[in-house]
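Read from first to last, the chains carry the letters A, B, C, D, E and F; within each, the first residue is number 1.
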Amino acid sequence: MPDSLLVVSAHAGDFVWRAGGAIALTTSRGGRATVVCLTYGERGESARAWREGHTLDEVKAIRRDEAEKAARELGAHIEFLDAGDYPLRPSDEITDRLVRAYRETRPTVVVTHPPHDPYNADHPAAARMALEARILAQAAGYPAPGDPLGAPPVFFFEPHQPEQSGFVPQVLLDITPVFETKTKAMHALPAQQHMWDYYTDLATRRGVQLRRNAGPNLGFPTDTRAEAYMRYYPQVATELA
Amino acid sequence: MPDSLLVVSAHAGDFVWRAGGAIALTTSRGGRATVVCLTYGERGESARAWREGHTLDEVKAIRRDEAEKAARELGAHIEFLDAGDYPLRPSDEITDRLVRAYRETRPTVVVTHPPHDPYNADHPAAARMALEARILAQAAGYPAPGDPLGAPPVFFFEPHQPEQSGFVPQVLLDITPVFETKTKAMHALPAQQHMWDYYTDLATRRGVQLRRNAGPNLGFPTDTRAEAYMRYYPQVATELA
Amino acid sequence: MPDSLLVVSAHAGDFVWRAGGAIALTTSRGGRATVVCLTYGERGESARAWREGHTLDEVKAIRRDEAEKAARELGAHIEFLDAGDYPLRPSDEITDRLVRAYRETRPTVVVTHPPHDPYNADHPAAARMALEARILAQAAGYPAPGDPLGAPPVFFFEPHQPEQSGFVPQVLLDITPVFETKTKAMHALPAQQHMWDYYTDLATRRGVQLRRNAGPNLGFPTDTRAEAYMRYYPQVATELA
Amino acid sequence: MPDSLLVVSAHAGDFVWRAGGAIALTTSRGGRATVVCLTYGERGESARAWREGHTLDEVKAIRRDEAEKAARELGAHIEFLDAGDYPLRPSDEITDRLVRAYRETRPTVVVTHPPHDPYNADHPAAARMALEARILAQAAGYPAPGDPLGAPPVFFFEPHQPEQSGFVPQVLLDITPVFETKTKAMHALPAQQHMWDYYTDLATRRGVQLRRNAGPNLGFPTDTRAEAYMRYYPQVATELA
Amino acid sequence: MPDSLLVVSAHAGDFVWRAGGAIALTTSRGGRATVVCLTYGERGESARAWREGHTLDEVKAIRRDEAEKAARELGAHIEFLDAGDYPLRPSDEITDRLVRAYRETRPTVVVTHPPHDPYNADHPAAARMALEARILAQAAGYPAPGDPLGAPPVFFFEPHQPEQSGFVPQVLLDITPVFETKTKAMHALPAQQHMWDYYTDLATRRGVQLRRNAGPNLGFPTDTRAEAYMRYYPQVATELA
Amino acid sequence: MPDSLLVVSAHAGDFVWRAGGAIALTTSRGGRATVVCLTYGERGESARAWREGHTLDEVKAIRRDEAEKAARELGAHIEFLDAGDYPLRPSDEITDRLVRAYRETRPTVVVTHPPHDPYNADHPAAARMALEARILAQAAGYPAPGDPLGAPPVFFFEPHQPEQSGFVPQVLLDITPVFETKTKAMHALPAQQHMWDYYTDLATRRGVQLRRNAGPNLGFPTDTRAEAYMRYYPQVATELA
């Protein structure tokens, strides 16, 4: 069974900075990756566009265009729910659309925001809906097309202020083989150039930590790049490693 | 590189009840497993032998014999440091012997007690020494034979009162293929027959949880048996799963 | 004053598996027990009924019938709010009905779900409403019949995946005298036969822990059965014990 | 079986300020109370005596005298181990003396310091020894006179800076009936007069909280006095209350 | 730039008991202080008025009048949103009014309730809105008058049951110079006379702790009064102190 | 009163990487800074020197020389206790020397390692001694020259793997004015050139976070550099900021 990765992203750019490596790894190995963007980040994460005088619809179009380009670089399918940001309000309708996305894509892995972020209220709102929809999609009695879901593992990607958000890396994912691809995807988001460096430095830092924890496993080169994740559920394993 | 598993156990029986499955999995697949028992559990975990009127030396001999039989069933090498239990006191000498065990066995995986247990003071003492020795073994300047160690991952096995010890399963290890072997090893410890049922039931319960978390991964049968572990360091991964 | 126990249960079966012993203890000693089921668990916890092809109304009727039988076995009064499950959405209307239940039953003890459960979103939703209604019922100005409530202690019963839900047993309740009654109540829920064994084993396991913590108190027999609870508020005591 | 309360106190005054109520409750009801003072608090908690120019032996004698008077007021037996304070160093010898105290007094309840206190290193050291000795006293093989102990519950009394020490009241103990006795015991410690008011105010504050949490239990008067405790092990109960 | 303090208070009295000192310090030094009361506390915190038989509108008027007097004593501007208490329900409309308050007052410091309180559901609701509005006010695209906000620090004042609410003092604020003013403001709330003593005692207790932690800083007199606060974001500093 | 900063460092380099900015800020403003190095880091943090074939004494001399140069750059006095590293064992003798250092330097601020670090056992050992000695130095009865100390605030500097060590930045200290000085001090440690970049990047990252949290405080330039600290005790303040 090929991998099916489902990424639930509050705003148009989140999936690129924080899970671009995981997405590219999946697609580069023949798996499918689906990104569901709940909003375009039109109000809360588009300061430059507003300063340039664009209207709300223009801002949305700009962000959508960028996110589609980034998704294309990563080889991912992307879908926009246009739920409205700042604030993003959980609703039964959005949650239902996520349930349907779960039942359609039948993810083997789910990636979303961590449930706590003192700097951003939309991110936890997105996480709550992503987590609840996953549970609803498993229920035989939930009225949505498709069979009840299994229980795919959930990973939280790294928030922008990790320590203040209670984020402690539990998985250090080697993204070295696809870091060039992730870089291209980041460059598809020109309005946030300061983020390019920031997330490149972060990948380096997480790479250093990966090598520090890789122990006797000598295969990781000096310039290893990594992304950090937390698990929401215990890992199922057939060996300790 | 074949696996090399190092288990640091405070008393003679601990490694059987709590990590017997992981040990048997390793050896059944051609890896090496080494158990270092810091004590025989002669004072603190041999109530029956004391009630039967044995001397201290006899109690030690009984426990040693049992532990050797259990290790044999599991295919593991076993070593006894005879450091004295109840209380087990950390010392530079025991720690040094553990450093040497690390440098000799060059473990790819380390398993020991979790560092907190309100029902037992020897278990955390063993964990502290196991963790410190692992760090010392990595130091170029530490005066023990052998090359400095890499940084093998550390797993804590499940304590007898998990919730009160802050133990939350992070890895559910499928031990179904070797559960018969673990059972034989448990039977090598006749003085604690009530534990046979207890740890069989626990393996069933953890197996139920494994299946609940295995999601779309349909390979696990109804009678899956599992052991639970916590990680002390972040997992290094080349894919999310 | 006889005891008055109020149990707030998200779905039709929850109160049986997790608090059946506490309910039976109360009623067996002449106290009153009232169970408020917010939903029938019709969508989320009735997989078998859906597989058998029942309609929504039929599923509700089946679950209601079972829950009434179980309540009867336990000697409890039961009330259904039919608030709709998967998702159960907190609302002022349901909360108000709970306020009225508090003011009518004037509970001396409240039992409900713990406020965190990564496997189920309805359980925390029920807990939130149960906790909020208890506070509202204490307010002189809240417009519901009856006098303002005192502040009854709140206990959380054990969730299905306790460790992942942050559940640490703080009270181990001896339910040995009523375990037969609890068993009959469980048998009133035939669609979940695998749960019978599961919660019987759990009662045994919690009983072992009870005896381990009962210390010099030698009154507890080998086959002690127990239920585990957490407290939400500090215990008020006239002696340390 | 009458109650047997064992209090392990790092310094000569600790048991009075923080557990005087629990001690007086026990003895007023016909139980026995034994206080083991590991040190006199001669270096760390006798600033006035040092300022007055006393020698070490004089300071010890002063503190011993005061503590004996306070114990007498409370009806407790008191024993001094003279282990040396600031720093109090855990040792096998002191621990062994505590094991013997456990086996002799056969406590039904144990009270000591909480295990964390950023303002005092002796308090956690005393707690560690008290907790370890309790475990050793349960071991059949531990070489001390008397039968192996059961597992008495342990309560931590309130430290001087509770919030910074991770102290959250779990039990609010009504000490109103013996508050006059506790006051007399406090007055036996004249060097710390500022503490009289401090711990009287604290008893009032904890009493207010007790009444706030006592709910429909209307027996507590306006001037209720209380002491706060934490539990180290789960409560064993035959009813929820 | 003079200080601008914004206090978001769930009910009419909260800001007086818990932040009266901080407010008076600000205004006594020439800064501005604005209190936004989301409700009058008409249902949940006006037991006496209800017992006296007042109507809802009368209760509101009484509480409003008292709060205005208290604010006057403190030199603060006060605004009432009349959002309805017990329960206070978060809404986009109230949140928007708070966004506007942020953009108008441009606070250099924000003070509100801590986000967890097991004794009160309105307080966390107020905190959530205060925190979210602060984030929204920073967004260029949020449609409210005024420039996007900077990111002022947020302090949580002390709840009525601090330990049970997870409140650990991180900042001890010396309010000695304005304690007389705070007392006058408390006296403007005659319906809660028992609170006068309670919060005077608390100010003394926090003052004792302030002096204990003030170290070599000898400027604090014996009768120092203090208020305790937690920080939600890291402190920005130009020196360690 | 000029500032007196006391830094307790387990190994020769720790104070440079992690607190160099705080030290330089202190001395650049006319305060005194004293660094107490418990060990040279001769065994555990001198891998290059060992690979080059140096003897133990040579390694110590190399590290001492480097640390003295770095201290000179920072304007700090430095003292070496040569207590032996890997493992650094707490002892009454070392602790006593720290007590004397406290009483001599009479610090207004103390900086040391955080008390938990899963990658290094010497760091927590150093922190424990630094914290205990500070308490002992306050005791009138502790037999060391000098007057009893006040209670200076304690800050923990950032460990090498912050998230895994439970390190959450609570204070972001602007070190921009002295970053050049810190850089020179880092260059005095040539054996760890990879650390130069690492800690320069970290200073940038913490600077970005400082600006993000500085809110309406516009004085911080784009290239702000910062060090992160945690507090061990509550902050004493005369204003909220």
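Observations
The working rule: contacts are C-beta pairs under 8 Å (C-beta built on N, C-alpha and C of every residue); 3 or more make two chains touch, one makes a residue touch a chain.
Everything numeric here is computed off the predicted structure, so don't read it as measured data.
Against reference pair B-F, the listed pairs A-C, A-B or D-E yield one interface repeat, A-C (criterion: more than half of contact pairs the same by residue number). Because subunit C and subunit E share one sequence, their contact can be compared position by position; here under half of the interface residue numbers appear on both sides. Just to note, of D-E and E-F, the chains joined by more C-beta pairs in contact are E-F. Per-chain Cα centroids separate subunit D from subunit F by 37 Å.
Chain geometry summary: the mean Cα position of subunit A and that of subunit D are 53 Å apart.
Residues of subunit C in contact with two or more other chains: 119, 164, 169, 209, 212, 233-234. Contacting chain pairs (ordered by label): A-B, A-C, A-E, A-F, B-C, B-D, B-F, C-D, C-E, D-E, D-F, E-F. Subunit A makes touch with subunit E in their complex at residues 42-44, 46-47, 50-51, 56, 59, 86-87, 89, 118-121, 164. Contact residues of subunit A toward subunit F in the complex are 119, 161-164, 167-169, 198, 201, 204-205, 208-209, 212.
Per the touch definition, subunit E reaches subunit A in the complex via residues 92, 95, 131-132, 135-136, 139-143, 148, 232-234. Only residues 1, 3, 5, 22, 25, 29, 106, 108-109, 111, 149-153, 155, 169-174, 209-210, 212-218, 220, 228-229, 231, 233-241 of subunit A touch subunit B when the two sit together in their complex.
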